[in-house]
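Before anything else, here is the set of structures, which you'll find just below.
Okay, so subunit A shows up in both of these, paired with subunit B first and subunit C after.
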Partner chain A sequence: MVPEQSSPPLIRLKGISKSFGQTQANADISLDIRAGRIKALLGENGAGKSTLMSILAGRFQPDRGDVQVRGRTTVFNSPKQAIEAGIGMVYQHFMLVEGMTVAENVVLGQEGRFWLKPKRIFQEVGRLAERYKLEVDPGARVSSLSMGEKQRVEILKLLFRESSILILDEPTTVLTPTEIEQLFQAMRHMSDSGKAIVFISHKLDEVMSVADEVAILRQGHIVDEMEISQVTSTRELALRMVGREIFLHPDKKPISTGRDVLRLQNVWHGPLQDISLRVKSGEINAVVGVAGNGQKPLVEIISGQTPPKQGLITILDKPWKDFYRSSKWLEDFCYIPEDRLGLATCPALDLGDNFLLTTREHFSRGPWLDKKKARAAASDLFKTFNVRFTSLKAKAGELSGGNLQKLVLARELYRRPKLILAEQPSQGLDIAATEEIWNYLLQARGKAGILLITSDLNEALSLADWITVIYRGRIMDTFPAADQEKVSSIGPLMAGLKD
Partner chain B sequence: MSSTIIIPLLAATVQSGTPVLYATLGEIFTEKSGVLNLGVEGIMIVGALSGFWVSQASGNPWLGFLAGGGCASLFSLLHAAVCLVFQGHQVVSGLALTILGTGLASFLGTPLIGQKAPGFSRIFIPLLQDIPLLGPILFRQDPLVYISYILPIAIWLFLYYTRWGLALRASGENPRAVDVAGISVQFYRALGIMIGGFLVGLGGSYLSLAYTHIWTNGITAGRGWIAVALVIFAFWKPGRAVLGAYLFGGVMAFQLRLQAMGTTIPSSLLLMLPYLLTIIVIALASKRSRGGEAPAWLGVNVEPEE
Partner chain C sequence: MLQLRKRPTPLGWSAPLVFVTAVVLSLAVSALLLRLQGQPAWEGLAVFFQSGFGSTWALEDTLNKAVPLFLCSLGVAVAFKLQIWNIGAEGQFALGAVGATWAALYFSFLPWFFLLPLMLLSATIAGGIWGLIPALLKLYMRANEIITTLMLNYIGILILEFLVYGSWKDRASFGFPMTPVFESGAVIARIGRTNLHYGLLLCLAIGLAMALVLAYTRFGYELKASGENPRAGRYAHIPYKKLVILVLVISGALAGWAGFVETSATLNRLQPSVMAGYGYTAIVVAWLARLNPLGIALFSFLLAGMLVGVEGMQLELQIPAAFGKIMEGLILLTVLSGQFFRNYRFARR
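So, the complex of A and B:
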C-alpha cells in the first residue's frame, strides 16, 4: 500500500461506483492523484479504466462516491467543468483538427481575447514546447505530422491551459520505440514541474519504466496499489492484473517449412517502393512498422482488392492475376482484416449469417444455402474456438472485440487456407483473448504460411519466424526472429534509421 | 469603344454579381461550421420578399435591407432546428426549405407583383470614381455594392483571425475536438446557419431593393442554386467567391445587353446562358480540388452532449 503522504492529493476519488445496465464498470474505487507523481492505472480492456477516467473528465456521473479536487468535493456536470478544474485528457484517438495548424489546435477552446494574434500564439506555443521538451513546429499543419508529433500537440493543448492533472489514455499504442522514450522523458519533465500524471496502460514494462506508483484495476475493482519500487517482478503485476497465470510467450516450436505460398518481387504501388518478400508454408513472416507506413496498400494488393501497379506477385505458384481469376482462391487464401466490424463482419447480421459470409462451400445446394447445416457447423466451430455467444441469432455487432476476432478466425481457418494474411490480429484485445488468438495462429501455421502485419513488436516477436521492418513504403530489413542482434535494432529501423 | 461598351458592361457585371456574392458568402459561412444548407434559394427569396415589404411599409430601404437579412435568418432557424435539435438529414431539410421558401414567396408575393418599393440608387464616391477604368466600374454603384466589397474581407478576418471563427471552422473540420475542448458544437453550427442565412437574405433583398425596385414572381430565378455551386468553385474561400460571383454576373450582364440590342437569338436561350456557363466553369474548376477543401465534417450531424 502507498504510505500516507503529508501533502494533500490534487484529486481524491472516494468510493466511486458506476454501472451500465447489468455490468458494474467501477465498484467502490478509491484513488489518490498527487502532484509531481506519475500514477499508472494498469488493467486489461474492460477492467473499467476508461469509465473511471470518463468520470474524472466530466463525461459520466458516478452512481455513488465523491470526487474531491484539492480537498473539496466537486461534481462535474460537463467536460467543461472538469477542464476548468485543471483536469486534462489525452485521448487514445486524437482529438485534433487535421486541416489546422498546431497553434490553432492549441488555442481552440482557450479563454482569451476575441482576436487571435497568430505571431504571439506561435511564440507562446513554441516556448511551451521547448520548456517541456515536446518538439513540434507551431506553424505546421496537423495533417502533416507524425503520430508522435500529434500526441505532443495534444499534450501542449493541456499544458497551454495550465491543466494540473494530465491523463494519458494508452498513449504508447501509436508510437515508435524512440517516440515512446521521448514521451516518457516529457512525462518526467512534467511531473518534475509539479503536474500530476495518470498513465493508463496495459503494458507492464512501460508501467515499470515510467511510473512512480501503480494501481491495478480488475473487473471494476482496484485490486492492488503500490509504489513501483515495491514491485519485485513484472510477472507479479501481470498476475494481479489478469487474476490468473498467463502465458504470454506462446509455445513456438519450429516446424519444417514447405514451398513458397507468397512471393513479392520488386513491387511498386502507391507509397510502396520496391517491395520484395516471401512467405513459406509453415512460417510466420511479420511485417513490423508504425501504422501508416505502407501497410494498408500492401494488404490491399495481397488480398486482391487492388491490382499492383508494378512488379511480380506470386501466390501459391500462380501469378496474382491468375490466382484471383480462378474461383478457387477463396479456398486457399484467407484475410483477417484489422477492421473487424467493417471489413470482416456485418455488425447487423446474426452470427450464423456472418459465418456464411466467406464460407459457403459445403453449405450450398445449387442457388440455395443449407442454413440448418451451416448453423450446426458454425455452432460447433465457435464453441471449439471459445467464442462466447448466447445464440447464433445474436448480432455480430453485440460481441466484444475478443469474441468477434475469435469468430473471424474460426470462420477463416475453417476453410483450411494455405495462405493467411493477418492484419493487427490482437489490436485492442485483452491479454486473455490475445493469448488465444496467438495460439490459433501458431496452430494454423502447421498447414499454412502466414503474413502478419502488426505494429505491436511484442506480437511480432512472440509469433514470427521472420521479421520484416517497413518504413515509408520501403522494406528496411528482413531477418530471422531468432537473430537477437538484429532484433535489438528493430526500434531504430521502425523510425527509418539504418546504419 | 471601350468606354462606351466595355465599361458599362463591367459595371453591370458587378451589379449582377452582387446578390450572388452575398448568397455565396452566406453559404460559405454556414458550410464552414459543417452544416450543408441547400435551402439558399428559398432563404434568398424570403429575404427578397420581406425586404421589399418592410421597405414599402416603412419607406426606408435600409430598414428593408436589414429586415430581409433578419427574416431570412429566422427562416433558416428551421434548418437549425431540424438538423441540430432533431438530428434530421441536412440535404432533405435544405431542399424542404427551398420548396417552402419559394412557395411562400410566390403565395404572399402575388398581390405585390408589379408594385414598387423605395430602393437604393447609385452613390458616386468622390475621388475614387475618377480613377480611370476602375472608377466607373467599381465606384459608381449603389451602397449595397460597396458593402459587398468589404464583406469578404470581414468574413475572412472573422473566420481566420478570431477565436469565434476558429471554433466555427473547427466545428466543421472535427466537431469531436471542439467538444473535448469544452466548446458547444451546436452553438457554433447554429451561429453558422443564422449568420449564413442573414447574408443570403441580404442578397435576396438586394434583388428587390437595388437590382430592381419592383416585385416580380420568382425574383431569385435560381441564383440561390448558383450560390451553392459557387461555394464549391470558391473552395470555401471568401476571396474566391468574388471571382465566381462576378463570373456569373458578367455573363448575366452580357446576355442582357445582347437582348437589348435585339439579336435574333431567342431570349429564353440567352437567359439560360449565365447558368450554363457558370456550371461548366465550376465543373472544370472543381476537377482540380476533388473536394479536398471541403470541411471534413460537412453535412454530418453531431449528437448533442448527453
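So, the complex of A and C:
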C-alpha cells in the first residue's frame, strides 16, 4: 500500500466498477493520483487499464463508485467535462489534423477564441515546448513529423489547456529508443512542475525507470500498489501482473532446414540498395533495424504489392512474377502485417467474415462461398489459438490487440504456408500474448521459412536462427543468432557503424 | 441543457418507432403548411394517403412507380457497398431507355418473345456502358466517380433528347419530341386484368438474385470486405479494379433496366418526360434502406406512394406542384435525420 501522504490527492477513485455485458472490466477499484507524481498503471491487455482511464477521461460512466476531483465528487458526462476539470489524455492513436501546423493543432478546439493571432499562438506554443523540453517546431506541418514528434504535439495540446492530470496510454509503443528517453525526460519535467502523470504500460523496465509509484491491474482488480523504491525484483512485478510464471525465452531448438523458400539477389528498389538475403524452410531470418530504414519497401515487394525495380526475387523456386501470377501463391505465402487493424482486418466486420478474408479460396465452391463451414472452422481454429471472443458475431475492432493478433496468426497459419512474412508480430502486445505469438511462430517454422521484420532486438534474439541487420536500405551484416560475438555488435550495426 | 450522446449500442427494436415518428412529424408540418395556404389540412392529408395507398388503383400506380425506383436503387446500392459513389443512375436510366427504344424501333417486326429480351439486352449494354465509362475513368485517369457519373447524367439526357428531337421523332407527332408508339411486341404486358405490368416480376427476380449474391457468394463477400476496408481488401488480394468495373457496370445495367421498363411498359414510346428523377430518388432510397435489398424494396414502395400521393393532392386540391416537392423534401429530411437517432440520443446535462 502507498504510505499516507500529506498532500490531498488531485484525483481519488473510490470503488469504481464497470462491466460491459458479461465482462467485468473494472471491479471495485480505488486509486489516488497526486500532483508531482508519475503513477504507472501496469497490466496486461484486457486487464482494464484503458477502461479505467476512459472513465477518468469522461468517455465512460462507471456503474458504481465515485470520482473525486480535488476532494469533490464529480460526474463526467462527456470528455469535455473531464477536460474542463483538468484531465487530459494522450491516446495511442493520435488525433491530429495532418495538414495543419503544430501550433494550429495545439490551439484547435480551444473555446472562447474567435480571432486567432497566428504570431502569438506560434510564440506561445514555442515557449511551452521549450519549458517542458518537448522539442518540436511550432511551424512544422504535422504530416511531416515523426511519431515521437506527433506525440509531443498531443502532450502540448494538454499542457496548453493547462491540464493538471496527464494520462498517457501506452505512449512508448510507437517510439524509437531515443524518443522514449526524451519522452521520459519530458515526463519528469512535467511532474517536477506539479503535474500529475498517469503512465499506462505493460513494459516493466519502462515503468521501473520512469514511475514514482505503480499500481498493478489484473482482470479488473487492483492486485497491488507500491512505491517504485519498494520494488525489489521486477520478476515479482511481472508475476503479479500476469498471475503466473512467464517464460520469455521460448524453446528454440534448431531443426533441420530444407530448401530456400525466399531468395533476394541484388535487389534495388526505392531506398533499398543491393539487398541479398535468403530464408530456408525450417528457419527464421530476422531483419533487424530501427523503423524507417527500408523495412516498408522490403515488405511491399516481398508481399507482392509492388514489383521490384531491379534484381532477382525467387519465392519457392519461382521468379517473383511467376509466383504472384499463379493462383496457388495465396496457399503458400502469408503475410502478418504490422498494422493489424488497418491492413490485416476489417474492424467493422465480424470475426467470421474476418476469418474469410484470406481463406476465402478454401470455402469457395464456384461463385458460392460456404460461410457455414467457414464459421465452424473459424470457431474451432480461434479456440485452438486461444483467441478470447464471445461470439463470431463480435466485430474485429472490439478485440484487444493481443487477441486480434492471435486471430490474424490463426487465419494466416490455417493455410499452412511455406513462406511467412511477419512484421513486428508482437508490437504493442503484453507479455502473455507475446509469449503465445512467439510460440506459434516457432511451431510454424517446422513447415515453413519465416522472414521476421522487427525492431525489437529481444524478439529477434528469442526467435531467429539468422540475424540480418538493415540500415538505410542496406544490409549491414548477416550472421547466425548463435554467434555471440556478432550479436554483441548488433547495436552499432543498427546505428550504421561498421568496423 | 440538452446534449447529444452516442448510444453504446444502436437502437434495436424501437428503430421502426423512430421512423414512424419522423414520418408523422413531417406530415404534421405538411399539414401546417397546407393550413397556411388556406387549404383544409386534414382533408389534404387524407387525399394524400387516399391517392397514394388508399385504393387498388392507387396501390397499382404506386407499385408501378416503385419498379424503376427499385431497379435504380438496387444498382446504386451495389456500387455504394464498395464505397463507389455512383450518382449517375439518372444518366444510366436515360441510356437504358435509349438502348431499349433502339431495339424497339429497328426490330419492331420481331414477336414479343424475341423483341422484349432484345430490348432488355440492349438496355443492359447501353446502361452498362454508361457505368463502365466512369469506372475506367476512375481506375486509369484517377477521375473522381462522383463528378464523372454526375456529368454523364447530363450527357445521357442530352443524347436521349437529341434522338427524340431528331432522327427518332414521330412524323405524326405534330412536332412534339417523341418516338412513334411501340409495336405491341415491344410493350411489356399487363398482369391479368390489373394495371400492374410484368416489370414487377423482373424486380422480384433480380431483387432475390441480388440478395442471394450479396449474402452467399464470394463476389458479395469481397464487395463487403473491400468496401469496409479497402486496404484490407488489397492485403487479401481482392481484385479491386475488377470489382469497381463490375459494380459500376451492374449499377448502370440495372438503371438501364429501369429505363427500359419505364419506356416500354409505362409510356410505350420514348419521350423526354421519361426522365422523372428516379435516378436521384434512388440514391435516397438506397440510403434509407442501408443498402439492404429487402429494405430497398420497402422504401421504393413507400417513396413511390409518396410521389403518387402528392400527385393526387395536386389534382384534387389544385395545390401547386412545388408543394409536392416541399412535402417530399420534408419527409426525406425527417426520416434521414431520424436515422441519426439510431446511434445518438439526447441527454440532459
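Here is the rule we go by: the second predicted complex is superposed on the first by the 335 of 499 C-alpha atoms of A that agree within 3 Å, B and C clash if a C-alpha of one lies under 4 Å from a C-alpha of the other, contacts with A are read in each partner's own complex, and residues count from 1 in each chain.
Rule of thumb we're sticking to: contacts are C-beta pairs under 8 Å (C-beta built on N, C-alpha and C of every residue); 3 or more make two chains touch, one makes a residue touch a chain.
Just so it is clear, the model here is predicted, and its values are computed rather than measured.
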{"item": "Contacts of A:305 with subunit B and subunit C, given as first, second, both or neither", "value": "second"}
{"item": "Partner chain in contact with A:105 - subunit B first, subunit C second, else both or neither", "value": "first"}
{"item": "Partner chain(s) touched by A:453 [first = subunit B, second = subunit C, both, neither]", "value": "neither"}
{"item": "Contacts of A:78 with subunit B and subunit C, given as first, second, both or neither", "value": "both"}
{"item": "Partner chain in contact with A:335 - subunit B first, subunit C second, else both or neither", "value": "second"}
{"item": "Touching partner for A:116 - first (subunit B), second (subunit C), both, neither", "value": "first"}
{"item": "Which of subunit B and subunit C A:437 touches, first, second, both or neither", "value": "neither"}
{"item": "Contacts of A:91 with subunit B and subunit C, given as first, second, both or neither", "value": "first"}
{"item": "Footprint overlap on subunit A, where subunit B in one structure and subunit C in the other make contact", "value": "78"}
{"item": "Residue numbers on subunit A that touch subunit C, as the complex places them", "value": "77-78, 304-305, 330, 335, 337, 342-349, 353, 356-358, 360, 364, 367-369, 371"}
{"item": "Of all residues in subunit C, those that touch subunit A in their complex", "value": "3, 5, 216-222, 224-225, 228-229, 231-232, 234-237, 347, 349"}
{"item": "Contacting residues of subunit A [partner subunit B, same complex]", "value": "78-80, 83-84, 89, 91, 95-100, 104-105, 107-110, 112-116, 118, 157"}
{"item": "Subunit B - residues contacting subunit A, complex", "value": "161-164, 166-167, 169-170, 173-174, 176-183, 296, 305"}
